[in-house]
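The following blocks contain the structures, represented as structure tokens.
After this come two complexes, each holding chain A, first together with chain B and then together with chain C.
Right, the complex of A and B next:
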């Protein structure tokens, strides 16, 4: 029996593809976001409300990851000129090769912002580099105030956290201070952006997004 | 269950390092706390993936690194399986440190070469 020393990143292959993607995004001047949140947290609704509220000159494309159907892509196609649905056929997250494949159907030269809506999952997508410039975590009021504490990797990895469905705050038991306390213990500086896609209350998120696109 | 995807990446990686004629008998990995890997799920995924492959029966050993903590109040340092933790000495909540490291450390390989 021989012991072979390796010492090599297991996801090195994914990271190489992601680095190539990032170079392509940079060369095209496209800022790229990876949006991660659980199923039903309101990721698609957030995009449906956000895209029409952005300056009209801003050209936005969306890659949507789901296990099955192109329902989310159909919804987003009403508000975005370039949308690609990626079905993972059971996979719980997107990997860089999914994004690479999705880009074949996008015209990067005609975009300023590319949003990757990851498969609905708070755990699995977090550790995968997709070539994005920022990761955005989405929690919803409906899920409860304890979700950040239960999902440290996303809180630590996120460049911004969005709290969706704020219109439900008066009606459900959700301790906003407790929610924020867990986040601040893990990631003291991450912006927490409270929104209601239903009511069109998106101001902090839109401000963050426009600053992000400006680089 | 990202463990199955990790196992798929791992299988390709292992094959790239196997010497000619070598048979994989074991592999050793290290994972940072932020990878949130369930060792049993990864072992199960590895067994399922290699069941009808030459790597069948190889044993996957995973060292899972804990969260690292340092107290901003008294300077105490400790490790924990919990990301949200507090200093045992002064009670202050601690900011967890952990990374997304996932490293293939080594492989146990059987060869026909008696030397």
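Right, the complex of A and C next:
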């Protein structure tokens, strides 16, 4: 009984902070994304390619979560006006209080879009509300076509799924129909957006993202 | 205070069960590996290629952890005499009690090597003792050369690191020297074993594994 009470208290705290964050985002007119995917699924590379391809008037900030190093923030700083690296010191996901701390170093009034690149992990980040308006799941073709079927919580929670590294399709075993079939059994309507950040092929994702920012 | 006590009790329980498991493995003469890597790093493909390449007298059992599906166990059943799929129902790592339950379906006396393929996750499984004799970390070249630097706990804990999907090296940005440099700063002596399961290039890993089984 004690254990359940403690867990509920922790989750309650997160959801309260997340609700306050969402109010702040809405008041500032900032649309906010939580991007979730495995380590090496290409989340940072996707942002590096995406940000310069967006309309130049769009002001984008990025919060990047990692266990260690500031490398992702350094990469993204070249293409975003505001970036904050959050090191979780071993933690496997971001929580709302991490985002709250990160916002202290951001000027929300000078942003239209805030992207939260979560810690590389297909499992743990899914259940945590960060005050975002949408969750985006990222799978790379190099991970294999069976990853959605083995990770139902993310597929069920995602507002969009990005399939990255399509340039590797000729070199890896990957059955696109099998990949989609697993997703459709769980989430019949989620957009599946195939991209190659390396080649700059981002069209379906950019279309989705611009519509998302427009609200 | 209550929260800390609850967590300590849970961890204490795990380490006790893990110690009992290690005693059982030792009594049965079974060497045991815990394999940890991201979703899609190629853990299952590595086992599919490895098991048929081992000396035929070597009897290998596999415990496979996943959030959902029995697909990995079905794949490995073609090459291993004994396989058990453990579904964690959303859990992000295996714990000693999962392994204990899995052993109920295995005949330890008929095994020389037990491989535990952990849930695909570079973070959460690292700290949990499963009674294994060694931990093997898996990184794929498709994940990028920066993953060891961003995941110190696994690099520090690993007895061996396998670099998979070397067949993709011509097609992905990956600096082998950078990858190794990060590892060496944390773990100067851990073997780094480059393989391609797709091409059957497994030599350094097979050599390490056979020496490990020999004790």
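Just so it is clear, the second predicted complex is superposed on the first by the 205 of 215 C-alpha atoms of A that agree within 3 Å, B and C clash if a C-alpha of one lies under 4 Å from a C-alpha of the other, contacts with A are read in each partner's own complex, and residues count from 1 in each chain.
Definition applied: contacts are C-beta pairs under 8 Å (C-beta built on N, C-alpha and C of every residue); 3 or more make two chains touch, one makes a residue touch a chain.
Please read all numbers here as calculations on a predicted model, not as lab measurements.
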Look at A:149 in the shared chain and tell me whether it touches chain B only, chain C only, both, or neither; answer first, second, both or neither.
both
In the superposed arrangement, does A:185 touch chain B (first), chain C (second), both or neither?
first
Once the shared chain is lined up, is A:124 touching chain B (first), chain C (second), both, or neither of them?
both
Identify the partner contact of A:81: answer first if only chain B is touched, second if only chain C is, both if each is, neither if none is.
neither
Does chain B (first) or chain C (second) touch A:207, or do both, or does neither?
neither
Quick check for you: in the superposed arrangement, does A:92 touch first (chain B), second (chain C), both or neither?
both
Where does A:20 make contact in the superposed view: on chain B (first), on chain C (second), on both, or on neither?
neither
Hey, what residues of chain A end up touching chain B and chain C alike?
2-3, 6, 92, 123-124, 149, 152-153
Give the list of chain B residues in touch with chain A in this complex.
1-2, 5-6, 9-10, 12-13, 17-19, 22, 25, 29, 34-36, 67, 83-84, 93-96, 98, 100-111
Note: in the complex, chain A contacts chain B through residues 1-14, 91-93, 95, 123-128, 149, 152-153, 156-157, 182, 185-186, 188
Applying the document's contact rule, which stretches of chain C touch chain A when the two form their complex?
2-3, 6, 38-41, 66-69, 71, 90, 92, 119-124, 139-140, 142-144, 146-147, 149-153, 165, 167-168, 171-173, 198
